[in-house]
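Given below, in the form of structure tokens, are the structures.
Next come two complexes, and both contain chain A; in the first it sits with chain B, in the second with chain C.
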Partner chain A sequence: MCDGGDWQMAVVQIPLRFTPVGSNRHSMTAQTVQQGDLVTVIGLEVHVQLETDTKIFCRCSTEQTDDPNENVCPVCLGLPGALPVLNEGAVEAAVKIGKAIDAEIPEETRFHRKNYYYPDLPKNFQITQYDEPICQEGELEISVEGERRDVRIERAHLEEDPGSLQHVGGSIDTADYTLVDYNRAGTPLMEIVTAPDFRSASEVRAFLAELEEVLEYLGVFDAGRDGSLRIDANLSIIEGEEADENGEIGIDALEAANRTEVKNISSHKGAEKALAYEETRQKNAIKRGRVVEQETRHWDESRGITVSMRSKEEEKDYRYFEEADLPPLRVSHWKDEISIPELPTARRERFRSEYDLNEEAASKLTSTKQVADFYETIADEFDPDLAATWVADNLLGELNYRDMEITDIEDRLEEVTRLVELVAEDEITAKNARETVLRDMLDDEQDPDSIVEEAGLGKTDDDEVQSAVVEAIEENPDAVEDYESGDDGAINFLVGQVMQKTGGSADPGDVNQLLRAELEK
Partner chain B sequence: MSDDAVTPEDVRHVASLARVDLEDDEIEQFTGQFADILEYFETLDEVPAVDQDAELTNVMEPDEVRDSLDSESALENAPETEDGYFKGPNVS
Partner chain C sequence: MSENIFITDETIAGDDDGPLAGKTVAVKDNISTEGVRTTCGSKMLEEYVPPYDATVVSRLKDAGATIVGKTNMDEFGMGTTTETSFFGSTDNPAAPGHVPGGSSGGSAAAVAADEADLALGSDTGGSIRCPAAFCGVVGIKPTYGLVSRYGLVAYGNSLEQIGPFGSSVEEAASLLDVIAGPDERDATTREPPGGAENDTDGKSYASAADGDVDGLTIGVPTELLEGADEGVVETFWDAIEDLEAQGATYEEVSLPSVEHAVEAYYVIAMSEASSNLARFDGVRYGHAAGEKGENDNWNEAFSQARKEGFGDEVKRRILLGTYALSAGYHDKYYKKAQDARAWVKQDFDEALSEADVLASPTMPVPPFELGESLEDPLTMYLADANTVPVNLANLPAISVPAGETDGLPVGVQLVGPAFGEREIIRAGSALE
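Showing the complex of A and B:
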């Protein structure tokens, strides 16, 4: 059985290059390249499933189901005579992405047919976009080891996802037969194509993480959905002497170098591993004086290697031609009409200045839109620092420990707010709130007030604390003597005694103050 | 395109794209037929230009789910099925 990743069928897809050669935009990495260096150059084609309710060319649901061929109709089964009708929601999502990556949405954009025969495509062609994609020439800012860089995005286009295959009774080559499920066929995809701007596998990982964050902020993508992100990567190794005096690598050197296209990558971590492997493989070949073949390679996640795939087709074999069943789109003005939320990078910056957060806290608190929104609610109602501790450290920490996300407790955020209120109003100690109430809330689904009441965590009355302070002093003359003779550490022993007497519900800081005041008398 | 003679190599290539196995004598037969077919298409060059339809743009539907086929109807025309899947020969 296959892993269901058959969309990357055994074909060579020569990346489309519509960016004008000699474009005056800078390559993102100007680094010093020495003679004899081998420079790694990587470009990506990232396929993301768009979160719409229906498919891109029919109104079948995109929801994942347990049974095969449940969400199918004549259009996505490719039955004769069926006609595609474009999903407005998918186009809106594409425009949002275009806005977020600061891309141009051309006046007119249209669809093409890409022809190839494989049973994941019931029509024997995929409806995609060719030379008039919906987004052109964008960029995405990433941060690698604290350094900011723009990655150029050459294009991003809409297309339909193929169906999924299972190879039964063996591997892809040796299977007895194939089972086909068209539930996924027609799910809207956005293919995002970057310029060859990456110089290492870790840069690729940083980009993918940022891209996912942006797409999730836009509400057009669900990273948790199986197979929602799939990556093809082109990697080549250029000899250092090919670089110009600025350490940049020109288009000629890139075109001249043999590259491999690595397919079947489905996560950031997978991308980093696959590309690190492929980089080493090519460098080793070059060091041994061998030629790196231009080919398509398949990332075998379980073995941690890339393997050569038989190459069958090149671009002209796809016989791209206009999809006459879909009229052209003229949606450039949607860019002004559709609004997008503040994006992660901008929000991080604002959090740092507005709430005076450090970089780590700001980055944690903007990791998803839900976390950021929740932080702002708490920060505005109580105090930004208290909110940062509670959301970034306590809440995310406890959620992470339970392998949960903030979205898992979406309907209980008011209870968390109430808990922070109890702390802010000094009703319970921060320690009890964190170590008892929050944990019980997550483990037993109880609300904070009943936990506080049941466990008797409400802060002890001042009178009670005061009498515990007096008692502690009376009962421990030795410690009092030590304190009075200048041993300030002795106060800690007395604090401990008071805490014991009050069952831990007093605030240690307050107790410390009360003890000192009492001893001064 | 039609000026170039169709070669047996062209036929082999097209057959491989279409995942069709052809014997040598079939290759020969189809090489001739391909040339004929291309010639028929040249007839289209003689068709006078016609007025284009009024240009449609932005034909879209809202993102609202409608009923799909039930899976029995979906599989009805399939020569072979298994557990709700379409079943076919091994493909690599």
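Showing the complex of A and C:
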């Protein structure tokens, strides 16, 4: 769970716009903001479920199951007398995230209790981190419309996920009764809190997409898991004249502005839609001279609108205090001992220089770690260009068409490699490989060699093609004559003849070359 | 069993052999026993049956002990007399008509009345030592981290330890031998530092009960004698003289911080309690309020369950603890109490650098008459003046019977350095 918008955590100076990497973000010019402009300011609290085998404070499995209250024990049920024991795997994942976002990792990290009553919370307090989070002051570089920017991450901390509620016979307000499932309770969560650095919904989307990509690269996150990403966003609209001469908005202006906290967002696409809606709603209110209420709003994905949850939000007091059952954990040395893989942005750049790829191809080929790893396997074995075409265009294209991911064919990547090998070694034509073999492989789960054999797609061997070329020349003296008298188009007729003789299994380009060579003799 | 010692009579057999084979043990009713209800002396948990054993209970069973019942206690450990129990008060077998002390009153009474050879209690601010003193038996509060708390229903989780009662120091120490030692289910348990060195003469705590105090230096904190009952103080000095006669020396030491210890203790214990007891809302276990659909929302259902399930003292401590942790008061109370705790620790460290053990009366007063002080929580809180500093400092302490005043038992408390259980066991055994 999340506290309502911690704007207090924001540093005093808030940059109005992102600044290109390398320049000083605090020396923006004021030209970007005009008098009368309305500036949108957004900050995020992103909850990410960490991918660990067991829960954060007990040994229950984190596997999702349809049977309610299946993966539970005295600890995650909060039974009297049960005590938490920290899963160091969750801490390791958190340190990886910290390294990826270049955050400060403290000497030791400790846990606090956040006290509030809610039926999904087994102990009626949540074990979380307060004044010594595992990550502080990091940043994540994103790319928006070709421009690279840093988003500041104020903190990222570990905590336990509560259980989940199922409202029976209605919504949260109207249900006859509510069922509680504690399977989720104790799943490790990382809460990532950004500075209010976003100025548009599309920036938020770019950030979340990049964050997901980084987390997947680190192997600490499974985007396909239901509820693995949950976003709360704070959005407020500030008058342009509040900006100082440097184009920055001070904390005072930010605090003075009413903001809404939008909850129940569960994807980067959803975030863009929800915040675009909320931005328009607030701007319209201001333009019509109405006051924007400070409130919590619920993103209703199916209706595509945000709805007010509580009009007058009480200031919550969580009575944080130290969790004495978990001794402080020394993590200062973990940062050096734990290694992380090359991250997407760096890998993208390396792909461009090392394999001479264009930006689009490099971006596609680094979209997930699995794709990038597979590309490198192929590129190193065959030709980087051929590999790029096969992985970025053919494979991802066909997978996308079938609504599949590369992870869905993880155990068949060797077969795809074999297919590329068949093409690279000229055993089959690129067209046949792409349009027949690959599609059949994905649809019928057959291996490429048997498809090639069954469909008779194997390229005719060179001798056979050569004799067909000789035959075609002998049988068509008129065409030969036309060619020799300068009618280059006649060669196409001869190619057609050879193709006929070889049953279409020869490569037309090769045939063309062979014919020309034969005719030159 | 006219004393109302047990909340639940239940025989739980242990293994056939082991160091405690043939021994009967009474277990305080805030220590989880699989399949046997564990009420914490509260209506809230009147019908709660844990699905698991506390680590100490598993260790008892493995050691061959037979558990004979779950003992009466102040509700959730909140009291000094066992009178806040939902299941009624317990009479003191050593001083009929008087309270057995608390909160582990039933456990001390079980040993005093010979209903069990040994007993387990828990001590958050004196809850083992006070009833040991009042019932004329031996009780040990171990160093924080020596005994697993897994399965002990938490009251003040940064302060409390499970510990043994016995009719002699050696008996109590033999039970400590069984329950002590790290547990992977309690992250605060530790191997005693230099454990191997401590174990050179036989590995057991029981073997330290050899009565050899020749050359022992005893520090007497003068602050812990101030305001104590005259008869109690007299009995205490008799005990010190007894130790002197056996070759020990004593000196007065000072613990200036202890005048703030009671305040600090109650702020910390109540703050922790307000959080630890939050889980009792009637959803998963315990007393639930009303019928399905009777309450309009869960907030009402929770508060009704808690209103009905908790007694006055528990409500008082939850409310005070909630207040102490609240925004605007946190620094004034909780943070200040933590500062005081650090100061108390430092004072003990200094005093224990001058003396091997520290001695004081366990309780500044003899046992109250039943019903005498139930209506006056403040008097009760102040009676903990000598025991709570030890919990704030995470140190081990033993209470050993030292005689009587006006026919009422008096106990002497000996405090040792962290993981210095053997020191206090040795010194305590010299008083027998």
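Just so we're on the same page, the second predicted complex is superposed on the first by the 440 of 521 C-alpha atoms of A that agree within 3 Å, B and C clash if a C-alpha of one lies under 4 Å from a C-alpha of the other, contacts with A are read in each partner's own complex, and residues count from 1 in each chain.
Here is the rule we go by: a contact is a pair of C-beta atoms (placed from the backbone, for glycine too) under 8 Å apart; a residue touches a chain by one contact, two chains touch by 3 or more.
Model, not experiment: these values are computed from the prediction.
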Partners on chain A (chain B, chain C) - clash or fit: clash
Chain B versus chain C as contact partner of A:181, first or second or both or neither: first
Touching partner for A:113 - first (chain B), second (chain C), both, neither: second
Partner chain in contact with A:71 - chain B first, chain C second, else both or neither: first
Partner chain in contact with A:343 - chain B first, chain C second, else both or neither: neither
Chain B versus chain C as contact partner of A:86, first or second or both or neither: both
Which superposed partner A:60 touches (first chain B, second chain C, both, neither): first
Contacts of A:331 with chain B and chain C, given as first, second, both or neither: first
First, second, both or neither for A:95, with chain B first and chain C second: neither
Touching partner for A:195 - first (chain B), second (chain C), both, neither: neither
Chain touching more of chain A, residue-wise (chain B, chain C): B
Offending stretch of chain C which, after superposing on A, collides with chain B (from 152-160, 224-232 or 260-268): 260-268
Chain C-contacting residues of chain A that also contact chain B: 74, 77, 85-86, 117, 119, 176-178, 180, 317, 326-327
Sites on chain A touched by chain C in the complex: 74, 77-86, 113, 115, 117, 119, 122-125, 176-178, 180, 317, 319-321, 324-327
Touching residues (chain side chain B, partner chain A) in the complex: 13, 16-19, 55-66, 68-69, 71, 74-75, 82-92
Partner chain B, residues of chain A touching it in the complex: 10, 52-54, 59-61, 67-74, 77, 85-91, 108, 116-119, 165-167, 170, 172-182, 310, 312-313, 317, 326-331
In the complex, chain C residues that touch chain A: 30-32, 38, 40, 45, 48, 50-52, 54, 149-154, 157-158, 184-188, 271-272, 274-275, 278-281, 283-285, 292-293, 298-299, 302, 322, 325-327, 330, 334
